[in-house]
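For clarity, chains are labelled A, B, C, D, E and F in written order, and residue numbers in each chain start from 1.
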Amino acid sequence: MPLVTVKMFKGRSKEQKKALVQEVTRAVCETVNVTPEDVIVVIEEMEKENYAIAGKTFDEPQQER
Amino acid sequence: MPLVTVKMFKGRSKEQKKALVQEVTRAVCETVNVTPEDVIVVIEEMEKENYAIAGKTFDEPQQER
Amino acid sequence: MPLVTVKMFKGRSKEQKKALVQEVTRAVCETVNVTPEDVIVVIEEMEKENYAIAGKTFDEPQQER
Amino acid sequence: MPLVTVKMFKGRSKEQKKALVQEVTRAVCETVNVTPEDVIVVIEEMEKENYAIAGKTFDEPQQER
Amino acid sequence: MPLVTVKMFKGRSKEQKKALVQEVTRAVCETVNVTPEDVIVVIEEMEKENYAIAGKTFDEPQQER
Amino acid sequence: MPLVTVKMFKGRSKEQKKALVQEVTRAVCETVNVTPEDVIVVIEEMEKENYAIAGKTFDEPQQER
């Protein structure tokens, strides 16, 4: 029954998101001893202007990462 | 001061959401002894492609539930 | 598949928490048209010193609510 | 490495959001002794119909605050 | 800059948790095209009495999964 | 009605936490035009073994930051 939430920037394709939930589910099952049916993964997509490190949002051009 | 968050799929009407927050607030008040003014409810709406069980997202047709 | 999180102060008994999850689950089912098996409820318990309104934590005696 | 999440209603400008993350980052650094590079701020924007106090959502006209 | 949160029951060893964060980080990097330094993983541990499906908490003996 | 959550490592004093919520509340009010009574701040405290960057938890000695 692990509940996994992945917050990340918008822009990934459906295929990438399918691969993401599949691989994260596998990683959880292999390491903490649960079955896939017990694992829930929720993706939350953010705008770059809504995420900041060191007080700077990611929609500013000088920002890297 | 309970803070309740309900994540669910998009697609409910405003009337359903009003009923949801009303009934959830009532359920909390009746069981943990707070007044309605103390209860905050936040609804977060998800796309089906952003929610997975057993490594499969809910926008896949074979998926049931 | 609604995921419900209830953050509240520590101190409720197991019986209160059982009643809480039961009644919240019922409230969600009745209003947004899902079955109980689809509803997950997580309780997160807080210390009073970790919750503030208007910049004041709830472990201060003058605080009411 | 404090992770700060701010949920608030939609409608703020990019400038307001930039000021928000900057000032919140400063507030965290000054009070819990971390450097700005350690502070992450995420903004989550809500619709008024998805937020309720006392069982009433904020898109209802009689609601104040 | 994906932020991953894993909520699961208490009781895993430090070794299991180290493996978990390592494998989840790898899964995220491989599928959504980020570098490990961009991935943050937070583990949140729950008591069984604070998690419910179908209105029943997991500290009840009849519960399976 | 901004809801602010600050996740950080355990170990801050009550005085630091009081200062934190006070200053964060002020920062929010000044930048997004709300009154202090509208701002809720929740602090969530983490163990170092439950937080990882680049797949490494913070209880490992070689880790800096």
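In this section, a residue touches a chain if its C-beta (ideal position, glycine included) is under 8 Å from a C-beta of that chain, and two chains touch if they have at least 3 such contacts.
Values in this document were obtained by computation on a predicted structure and should not be read as measured data.
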| item | value |
| --- | --- |
| Contacts common to chain D and chain F (chain labels) | B, E |
| Type of chain B:chain D copy interface by residue overlap (half), same or different | different |
| Pair in B-C, C-E or A-B that repeats D-F, with over half of contact pairs matching by residue number | B-C |
| Intercentroid distance (Cα basis), chain C paired with chain A, Å | 26 |
| Where chain A and chain F are represented by their mean Cα positions, the distance between them in whole Å | 21 |
| Rounded Å distance between chain A and chain E, as computed from the means of their C-alpha atoms | 13 |
| Where chain F touches two or more other chains at once, by residue number | 3, 7, 22, 26, 37, 40, 42, 51, 53 |
| Set of all touching chain pairs, with the criterion as stated earlier | A-B, A-C, A-D, A-E, B-C, B-D, B-F, C-E, C-F, D-E, D-F, E-F |
| Chain F-facing residues of chain C, complex | 7, 46, 49-57, 59 |
| Residue numbers on chain D that touch chain A, as the complex places them | 14, 17-18, 21-22, 25-26, 36-37, 39-45 |
| Chain E partner contacts - residues on chain A that touch it in the complex | 1-9, 12, 16, 19-20, 22-24, 26-28, 30-34, 37-38, 51, 53, 58, 65 |
| Residues of chain C defined as touching chain A within the complex | 3, 40, 42 |
